[in-house]
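I'd like to ask you about the structure that follows.
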Amino acid sequence: MGLFGIYGAPDAAHIIYYGLHALQHRGQDTAGIVTFNSDGKAYDVTGRGHVNEVFTEANLAPMEGILGIGNVAYDGMLHPSVHSQPLLFRHFSGDYAIASDGCLVNAGLIRDWLEDQGSLFQGASDAELLAHLVKKEKPGPRIFPIIEALNMMEGGYTFLILTKNRIYACRDKFGIKPLCLGRLGDAYVISSESCSFELIGAKFIRDIEPGEIVTIDHHGIRTRCYAPYHRQKLCAMEYIYYARPDSDIDGCNVHAYRKESGRRLWQEAPAEADIVIGVPDSSLSAAMGYAEASGIPYEMGLIKSKYVGRTFIQPSARMRDSGVKMKLSAISSIVRYKRVVLVDDSMVRGTTCRNIIRMLREAGAFEVHVRIASPMTCYPCYYGVNNSTHSQLLCSGKTPRQVAAAIGADSVAFLSPEATIASCAGRRELCLGCFTGDYPTMIYTRELEDLED
Amino acid sequence: MGLFGIYGAPDAAHIIYYGLHALQHRGQDTAGIVTFNSDGKAYDVTGRGHVNEVFTEANLAPMEGILGIGNVAYDGMLHPSVHSQPLLFRHFSGDYAIASDGCLVNAGLIRDWLEDQGSLFQGASDAELLAHLVKKEKPGPRIFPIIEALNMMEGGYTFLILTKNRIYACRDKFGIKPLCLGRLGDAYVISSESCSFELIGAKFIRDIEPGEIVTIDHHGIRTRCYAPYHRQKLCAMEYIYYARPDSDIDGCNVHAYRKESGRRLWQEAPAEADIVIGVPDSSLSAAMGYAEASGIPYEMGLIKSKYVGRTFIQPSARMRDSGVKMKLSAISSIVRYKRVVLVDDSMVRGTTCRNIIRMLREAGAFEVHVRIASPMTCYPCYYGVNNSTHSQLLCSGKTPRQVAAAIGADSVAFLSPEATIASCAGRRELCLGCFTGDYPTMIYTRELEDLED
Amino acid sequence: MGLFGIYGAPDAAHIIYYGLHALQHRGQDTAGIVTFNSDGKAYDVTGRGHVNEVFTEANLAPMEGILGIGNVAYDGMLHPSVHSQPLLFRHFSGDYAIASDGCLVNAGLIRDWLEDQGSLFQGASDAELLAHLVKKEKPGPRIFPIIEALNMMEGGYTFLILTKNRIYACRDKFGIKPLCLGRLGDAYVISSESCSFELIGAKFIRDIEPGEIVTIDHHGIRTRCYAPYHRQKLCAMEYIYYARPDSDIDGCNVHAYRKESGRRLWQEAPAEADIVIGVPDSSLSAAMGYAEASGIPYEMGLIKSKYVGRTFIQPSARMRDSGVKMKLSAISSIVRYKRVVLVDDSMVRGTTCRNIIRMLREAGAFEVHVRIASPMTCYPCYYGVNNSTHSQLLCSGKTPRQVAAAIGADSVAFLSPEATIASCAGRRELCLGCFTGDYPTMIYTRELEDLED
Amino acid sequence: MGLFGIYGAPDAAHIIYYGLHALQHRGQDTAGIVTFNSDGKAYDVTGRGHVNEVFTEANLAPMEGILGIGNVAYDGMLHPSVHSQPLLFRHFSGDYAIASDGCLVNAGLIRDWLEDQGSLFQGASDAELLAHLVKKEKPGPRIFPIIEALNMMEGGYTFLILTKNRIYACRDKFGIKPLCLGRLGDAYVISSESCSFELIGAKFIRDIEPGEIVTIDHHGIRTRCYAPYHRQKLCAMEYIYYARPDSDIDGCNVHAYRKESGRRLWQEAPAEADIVIGVPDSSLSAAMGYAEASGIPYEMGLIKSKYVGRTFIQPSARMRDSGVKMKLSAISSIVRYKRVVLVDDSMVRGTTCRNIIRMLREAGAFEVHVRIASPMTCYPCYYGVNNSTHSQLLCSGKTPRQVAAAIGADSVAFLSPEATIASCAGRRELCLGCFTGDYPTMIYTRELEDLED
């Protein structure tokens, strides 16, 4: 999921629109924007689809305020009919809206506790839990219930809270999910990734720190640390797969990370081959690093069709049998009679990789050596939406040789956990939970069982 | 424009649909399919938009025949309200349909001659001219009027002619436009580019020769040479820019061509720099070749947004002033403090290149050295739809130094015409008309004046 | 707003779809359906637009249950971004959904009380208030909190409450809003109007009584009277304007009511004229009654264009000046040189009536005598969504002669309150609040002030 | 089909848009507009769908001229993929466009003759034939080839021919199809029906005469009679069914005609009954006339759903079995225990009538007496698009008693041919071809056989 917020610019809604557009890769199923107009009234537009489908000139027109937040999301494990974020809440002490990225691991416990206290829920999102926790029951600044609430919530998450006067930007105390701050003229912007700053012409200021709440209003910026204990356990998969290559997270450019990981992958797992190929688009940087370090030429052996979209007529079974392919195709004149190194960013279920290897062999490749620019994914992730269970993870309980057999490769090798961290210059910590099973937070039984459901 | 035809497969219309989808880069404004059902009735679906917008399960459903042709096109210089191709004609001697790629240079003469003879036209396309020329006035095979017609038509073109029983595939005698033949099970397929064969699982057989007419029907394939004189003057821009990198044209892979041209570009015009960057997507191969030959690391300094589409809300003037960018963005953490070699495929009007250079400098690049993987474009093209006139061509009448000044680069260099041909291993001829002004065909005055209109 | 519910049929979602379609005239801005599948999971589809725009084969496909409820609504005075009904709530004691028609008059008081108790609201609807009131805090049947809640809620309303096992159908104790029960094979259906039963082939059983809760589940039907005091104060405007002519409400057919009111209008306010014209579509029945009683021929002097829709290009000011008309046009060859009786159902703001009179005069009518088949609308309504304030009501504080002057008519006359009741054979009570200011319920100050806002 | 043209107004394209909108009932499958801008360039927008779907602000924007023509049409018997009208033709002597209503009976002969002369056709429309006939082969005014062409063309038709300077409006010499002239400020308008004049604020001037060509240009209006022999054989079905009730054709209002035909129907075929019901919408006027003449009350026993559209989810077979109805429903509380006179405008295939009778009986009607406000339709029509063949016409070869048995009515009676003509005050001729088999023109064998195909 991707979050974007702005305070202090006319056309706030339109700038959020462009900001969300740059974060589209973080969520392609739903999108939403909430703003407060100068009269203190909240407006929201939410819907299913891409940013350019959900929002139109017409439905953004009534939004005239200078502050607002937005969200893009995948459906993931949430209930299919859940309302799109940001969620807007109405209360006599003032309306407010909340957007979230990531997952709580103790959501079930908090929900039970809140229902016991009389709360009633319309959806299944963490944002609705937070909303009930930060309700202003008594006079006084809202920052105090926010601090209290965040200390109750365990997991990898970021939240944007919007009231008619200010935005609160919050990042979990392990820094598992990214969030950063920028400046656009006199306005401040908040985004899950810095790539959205480029698009709107904003300047990057800094990352939000783990366990930090940044408050933005007409006074400017104020900051607060809500958790005395905090770490720098950014999700390694942000560097490896999720983020856009033109984003900088916690001081490291994503493309640069991937290229470095490719170089280290060559050092740890060289291969005798004629060409290096990357799986488009997220593995191209790592493949270039591998090629650069090895001296083996990097080639575009796989082409991704740019026009495949949701309105595409799906081929019938008969046509698929006769060979109709979608999305990816192998270029025979490049891979024929070649020993190929196929670099991919990670191996989760292995389905795509298996298909690509078959395509390469059909196109005439002699050998296919798979090199994965991350360790073996053996454990589920509890902080994101793409939750595979143990039984779906190809590498779980297998040796690399067994993985090679399962996907039909001549050899398979993975990057070591150490190199995964070291590829990020100067960094000593990353969350490697899905690789090592060593999670920064506690994992609560109830959620575990839900996943294997 | 892109052409696709098939003879001999059930689901002909659906296979054409996938074939056109793979040719989408050759025309994104209109698309059309015509098939003949087994009862001899023709069906056509044509419309404005991408392949996945024009065709639906519902409008392809009545097409049950085993043969048909399709077309994708840009609006180009044609009249805005021209009907989409393929054009379907009804005649007592049997209905037929025609789709075309490329442009005649003597269309005006032929049109005048036909109107004098009493013909009446609904559009401005070359296909309609051909239709009048190949009308069966007297008994006898249709191949004879086709041969006669093609000998009257001068230019760079390919045509597909569909009757209820067969397809005629024709390529101009200079081979300026590409066309190739493949096999899908028992069926034959014809396409502007071989990349569409991969997608549908067909095997490439061979290119159609310059001056050749291939007839496909229930007898199989027959061939005829309609012009005793023919050359191998394929449009160099097909290799340089138009075609998809995974296509092979006249025996040479497009990606391989581009990479080789990048290598030769380094030899002819080296630059002292820290990184090499290509303009996405068509210049990436050449940039890799340049990097490989020079040893300067290739980096992804420019990112293209994948989601920009036609339904996108356009930023207002105020927002553009404040920095909102679309499509391309420079990655500051990669280009900052660097001397950059920017590789582009060609320089036509120079607008995009000028914008990219400004973006790179704003992102912190110290120097920007532009290297163009083709010669200076100083002359208009008369064979295609993207017709710029002399006065719009940036390089026309300028030295490279003047070009550098015009676009704000530290230096500019171009590939030589010789290297442009030599990059295509074993080839001795290409049409370099737009670079050298040396056109394979005569250019008729009337059309020239129309262009400067 | 229109409500529809069903218990006991496969395809429940599709039947609700057709049922809502027949109720479309009660709400054209939003529509929604919630069902429970056999596994106890709730599914909802809600959205903006007409029934045939919001629902598709695809989004109804996952709904396989045998029970569900639906809703169509106008935006009315609600907040523009309020979520569409039915609202779905998730609670550890079981999920449930609520749809409502009508308005509470003490919503503000209940909302304040609930927020004081710690509740948090996402919208501004009465359904959300009811949801918080009927939350199952302690074990025991849900019917008890429902009874308690309905006794707190004052106003003109109907509610459908859906749990995974049953539907509760509730009507306010004054019977201001209509609700009726039918049978479709083995299933029971609930609808705001009986016209939806015809469409789906169901049989009308009876109206839900004022102050009644009907529970439908696998036991069949159970009934409970939640209010010891109840009256038959059905909103007169249901007969006069809101309902479809093919509906029967509380034992009287709507078309029959309107025709009878037209007859009585002639008796109370005859006119010397050549033809009788009704304003399409809701006044046609009354006009026919007037014509039948008077012997003056009924003519179609006004034609309503069937194709005006929301996607229509609006005429520019210049074109409107030059005479371009939308929706209604007067037929000159019918009204020219004629004295016209124009029958309309009610007079609220008078704008449409004034325009029609001008059109009739331009088309050549000599005299236009307006006859309104209801009393003068002098007071706002607090039970529905179309809330005009005192100052917007044309008749407020005017004599009929002043009204005639204001709209440009030769004469204006209204039906008496007595005849308004008497037109409904055998009935002795109707809510005539908007005509007489005599409301069945208390009216709370706060809401009154909101309306004049 | 409906035609609309305008000469002399800015916003010509928009006025045509509104004009076509008022003619939408004459053709709901395709729509098109062609205009000439002041620079002499033609623009066309054509497409499938209703007027408000085909045209948008954006696609009408480039049309700035003061003259143009438009067309709405049903697909009818034309080839499914025929291009929408108006058809635009390009010729060195000047571009021109043609739109047509109606059908030629000798189209096959003319087409053969033209193909023999070397013409080539893209569609199957009469407009394309006319275009080839009126091509300016030699210098001199275009009116001469037009006169010559119209004398060759036999059938019931109207044509609008648009050149960059003028519009030619032509009506067949029997006056089978309607066409009329109006004035909008300084501009002239031409329309198939006068109802479109009301909508745009234009004044009706007169009908175009049978065999007349009206030329409109900057000189004003000129007229020519191209056929020395002409009659007043307007298609009776225009009054009975096709035209909008608010149109005047050849001096008689359509609604007035229908009402009179209803009165005469009572005189010729009285029925002992309790209520009179008309089939919405085209039979309501006749039903009112019947009721008025008989003294039997007119009731709305059938309701047509206003919202049924093309995007509607179709009920499954199972749901249809269980009773789900679309479009029309009978009101039980009105028809129950009643003897019903059902007035319909005409009886062609009888399917709808049979269904309505069943619905009425299921709703409780005791007797259903069908009264048709036109004679028995026993012969095909060769002048329009709704061509049923002999074998599909229910009445062909049957007595009224046999028709009653076929549709399940208690009795059936038809209006006499004499009364059909007499209902149109002062008129002595109408085309009654489909009732009597007596056609104004010759009927050519070839077309006859095509229809039984």
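Structural remarks
So that you can tell them apart, the chains are marked A, B, C and D in the order they are listed, and the count of residues begins at 1 in each.
We adopt the following convention: a contact is a pair of C-beta atoms (placed from the backbone, for glycine too) under 8 Å apart; a residue touches a chain by one contact, two chains touch by 3 or more.
In this text the structure is predicted, and so the values were computed from the model without any measurement.
Listed by label, the chains touching subunit B and subunit D alike form an empty list.
Centre-to-centre spacing of subunit A and subunit D amounts to 60 Å, using the average Cα coordinate of each chain. Remark: subunit A and subunit B have CA centroids separated by 37 Å (rounded to whole angstrom).
The distance from the centre of subunit A to the centre of subunit C, with each centre set as the mean of the Cα atoms, comes to 47 Å. Residues of subunit C found to touch two or more other chains are absent. Pairwise chain contacts in this structure: A-B, A-C, B-D, C-D.
Residues 11, 14-15, 17-18, 21-22, 24-25, 50-53, 55-57, 60, 184-185, 195, 198-202, 204, 244-246, 248, 253, 255-256, 259, 281, 284-285, 288, 292, 297-300, 303, 305-307, 309, 311-313, 315-316, 318-319, 322-326, 329-334 of subunit A touch subunit B in their complex. Residue ranges on subunit C touching subunit A, taken from their complex, read 42-45, 62, 80-81, 83, 87-92, 111-112, 115, 117-124, 131-132, 135, 137.
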